[in-house]
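Read from first to last, the chains carry the letters A, B and C; within each, the first residue is number 1.
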Amino acid sequence: MSRLATGRTAPAVAAAVLLLGVLPPLLLSGYALRLLDLALIAAVAVVGLVFAFGYAGLVHLGQAGFVGIGAYGVAVLTTRAQWPVWTAAPVAMLLAGGVALLIGAPLLRLRGHYLALATVGFNETLVVIAKNWTALTGGDDGLGGVPGIGGIGSDRAFYWFAAAVLLGVLLLGAALRGSRFGRAMIAVRDDELAAAAAGVPVFRVRLLAFVLAAVLGGLSGALYAPYASFVVPGDFDVVHSITLLVMLIVGGEASLPGAVAGAVIVSFAPEWLRFVGAAYLSVFGVLVLLVLVLMPQGLVGALARLRRPRHV
Amino acid sequence: MSEASPAILSVRGLCCHFGGLRAVDGLDLDVPRGGILALIGPNGAGKSTTINLLTGALRPSAGSIRLDGVELAGKAAHVVARAGMVRTFQNGRLFARLSVLENVLVGADSRLRAGLAASLLRLPGFRAEEAALVAHAGGLLGRLGMAQDAAREVGTLPYGSQRRLEIARALISRPKLLLLDEPAAGLNAAEVAELGRLILQLRQDGLSVLLIEHNMGLVMRLADHITVLNFGRRIASGTPQAVRDDPRVVEAYLGRRAADARV
Amino acid sequence: MGELAQLVVNALAVGGIYALIAMSFELAYESTGVVNFATGQLAVMGAMIGASALALLRLHGGLPVGYLATAAAMAVVGLAFFAAVFRPLRGAPPVTIVIGTIAIGMVIQNVAQLVWGPLPVAMRSPVGSGTIHLAGVALPLHAVFVIAVTVALVGVVHALLHATPLGVQMRALAQDAETALLMGIRPLRLYGMIWVLVALLAGIAGVLLAPMWFIDVTMGDTLALKAFAAAIIGGFGSIPGAVCGGVLVGLAEILGAAYVSSDYKDAFVFALMIAFLVLRPQGLFGERIGARG
């Protein structure tokens, strides 16, 4: 098993992100640039899943629900209460974290696929609420007219902004990994009993991972709503939670650079697979299955194996 | 209870009943302060259940567990560990995705004070604390002869080193009492001898140890006191010499016939 | 009073269908360790194949042949699932299996969309669309038929698992694969049969549901979520649990929609499921969960 990125590799991560991040927006335009923007937004939520699943092992199929809380939070506060985006976004993130704290306390006693099912139920419940609390959310018609982030007029400008936010998130993620919190999360996933016996408060560590994931989900949504200027319930259903988890698995479940790579690859997959036409989901499903069977450590794990086939 | 109490750990009337089965049945146990108590008994005597009860992995049906005067019966595992009673596991349980050094650092979780914000922003307080901890962990690894292994993946360590790494993980929390669950299992003779020296050194440093072990040579050499367990009860307790000559102990291990023959 | 009786019969019929899907889900989990997130798509597949088979074969031999052809096709789907999903993912960690079965669910749904298009299928009930009168209450005949078939199938599956050599082998394999191997059980053949049964149960549920609801290819996840809720409420690994859970979900959904709010009917079901997960995680009949997984 490849060793995880530690705090020491933060500069390397930053360099790679800068190198890979500076060129594409200069070369791409139009639809491709838009996809790239959406990939960065998704990557923020996927980094949350690195904490929740990659580190702490929570099989979390509700992350899109927290993205939705962030997106709707910003949309409602900016359109109905006329708040500026800059104050609405942090409040929406806190709201996502608060909801995670409330539901995490009972749900995180569950493990494995039981937790997966419970998070699915939670996500679907949020969608039902968003569809039916019409006075607040606009129901199935969604909520439009969300103002953009001040001073960001183009998709390219948004790219620089989102890339800067993502870079900050990655640096915080690397810091988490290099602290007792990151170590405790991984210890809890690797051997819960031994972690508890070593003094790690297992439940609190799981809850922390879940809440941090939700806050990043909320941030992702707070970026999305002003970018799309329009939110509908269907954008945050379980299918999107699955997509976020697939991004994580494709990249490599416990890797910060992997989260970004997975988000970009999966976001561009429909574009690259355009030639298969209506059979897109079949091909995508088979590709995911192949990744699971052939590269269980994701892209990052596969690359690491290529780089050092032997071990010292 | 005061500092002067002779026992660091004092267990009274500990019971664990699974339905009709009495895995541990009214056990009394005292670990002398700064000494080594060995808990021995035939297979199935209840030793593993006892260590699980003491460390909060199992909830006792009845009884009291006092560590330095603090009642710990029924407390969660991490609370017990944070109170100063830390264990190792029979077959070795390490964190496979963490490096050797990080495995040790996890053991210090209870000692760290830096909060989430300080850690994420890598504030000076966090950095200083982390640096001091890494130095401490490095020292421990050096003492156990593993300084050169700090960055390795634990899966690549030889078995003997994995067992020592578990002890390092326990020691970094600066426990009051170390529980060693069959630390010699699977080690070769040289490694057992080295383990024995290590445990004696730790006692010299003032650490109290509860040792569960099948290797009688090691037990007789290290233990200040021995408590013998059978069918979940204490059948004998005393110095190694006294316990060795106790007919009930011989009987428990070898059967009545052998005991009669010896008497 | 008559209205309530009708609602309850409808709820029992819908609940029975959820129970069949839940049984498919649990059979896969208990005997092969796979948490099958594609169970809903298997049910939709059954409805689609059933509708086509009945339409095609109506001219040539009528209903029985159509149902048999549907069953045969679902058996093939089960074997394909066994070969394409179960064998490569066997023994993988839970999240891999969750994502893997979701991926295969996407494939099934997409294939169904390519074959049958986005429109819902229409299927007639073998008992027609009439009503029967019981104690002065008019009940839809198909709902009564669904309840009868569900009861019969629950009996058949129970008997299969507990009173036939095949069932004994399946349970042996589920409990202790190594020992079962030593006793001469051929695991791959047995696993293949289990997956056939898994696909058949889900497919029958789809065939029963199609005359009651308009089924289109996107309904798999909705159905699966209700069945998961039924499995959790009833307790994992228990056939009586799946039945009670299914009925409770059916009642919560139909009665909640009728008397409280039809918009929030799905939320009632999930709220019930989450309440069970938190307050009584072992469900009505099942194992204690939490540690397992």
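The rule is short, and it goes like this: a contact is a pair of C-beta atoms (placed from the backbone, for glycine too) under 8 Å apart; a residue touches a chain by one contact, two chains touch by 3 or more.
None of the values given here were measured: they were computed from a predicted structure.
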Smallest count of steps, each to a touching chain, taking subunit B to subunit C: 2
Could you find the two chains linked by the most C-beta contact pairs? A-C
Which chain is most central here if centres come from C-alpha coordinates alone? A
Let me check something: if the centre of a chain is the mean of its CA atoms, which chain is farthest from subunit B? C
Please report how many Å separate the Cα centroid of subunit B from that of subunit C, as a whole number. 50
From the C-alpha centre of subunit A to that of subunit C, how far is it in Å? 32
Please tell me the distance, in whole Å, between the geometric centres of subunit A and subunit B computed from their C-alpha atoms. 41
Per the touch rule above, subunit A residues touching subunit B in the complex are 1, 3-4, 6, 172, 175-176, 178-181, 183-184, 186-187, 189-191, 193-202, 208, 254, 311-312
Parts of subunit A lying in touch with subunit C, wherever the complex brings them together: 53, 59, 61, 106-107, 109-118, 120-122, 124-125, 128-129, 131-132, 238-239, 242, 245-246, 249, 253, 278-282, 284-286, 288-289, 292-293, 296
Subunit B residues touching subunit A in their complex are 55-57, 76-78, 81-82, 86-87, 89, 93-99, 102, 105-110, 112, 114, 116, 119-122, 126, 130, 152-153, 155-156, 169-170, 173
Okay, in this complex, where on subunit C does subunit A touch? 35, 84-85, 88-89, 92, 94-100, 102-107, 109-111, 113-114, 221, 225, 228-229, 232, 261, 263-264, 266-267, 270-271, 273-274, 277-278, 281, 289-293
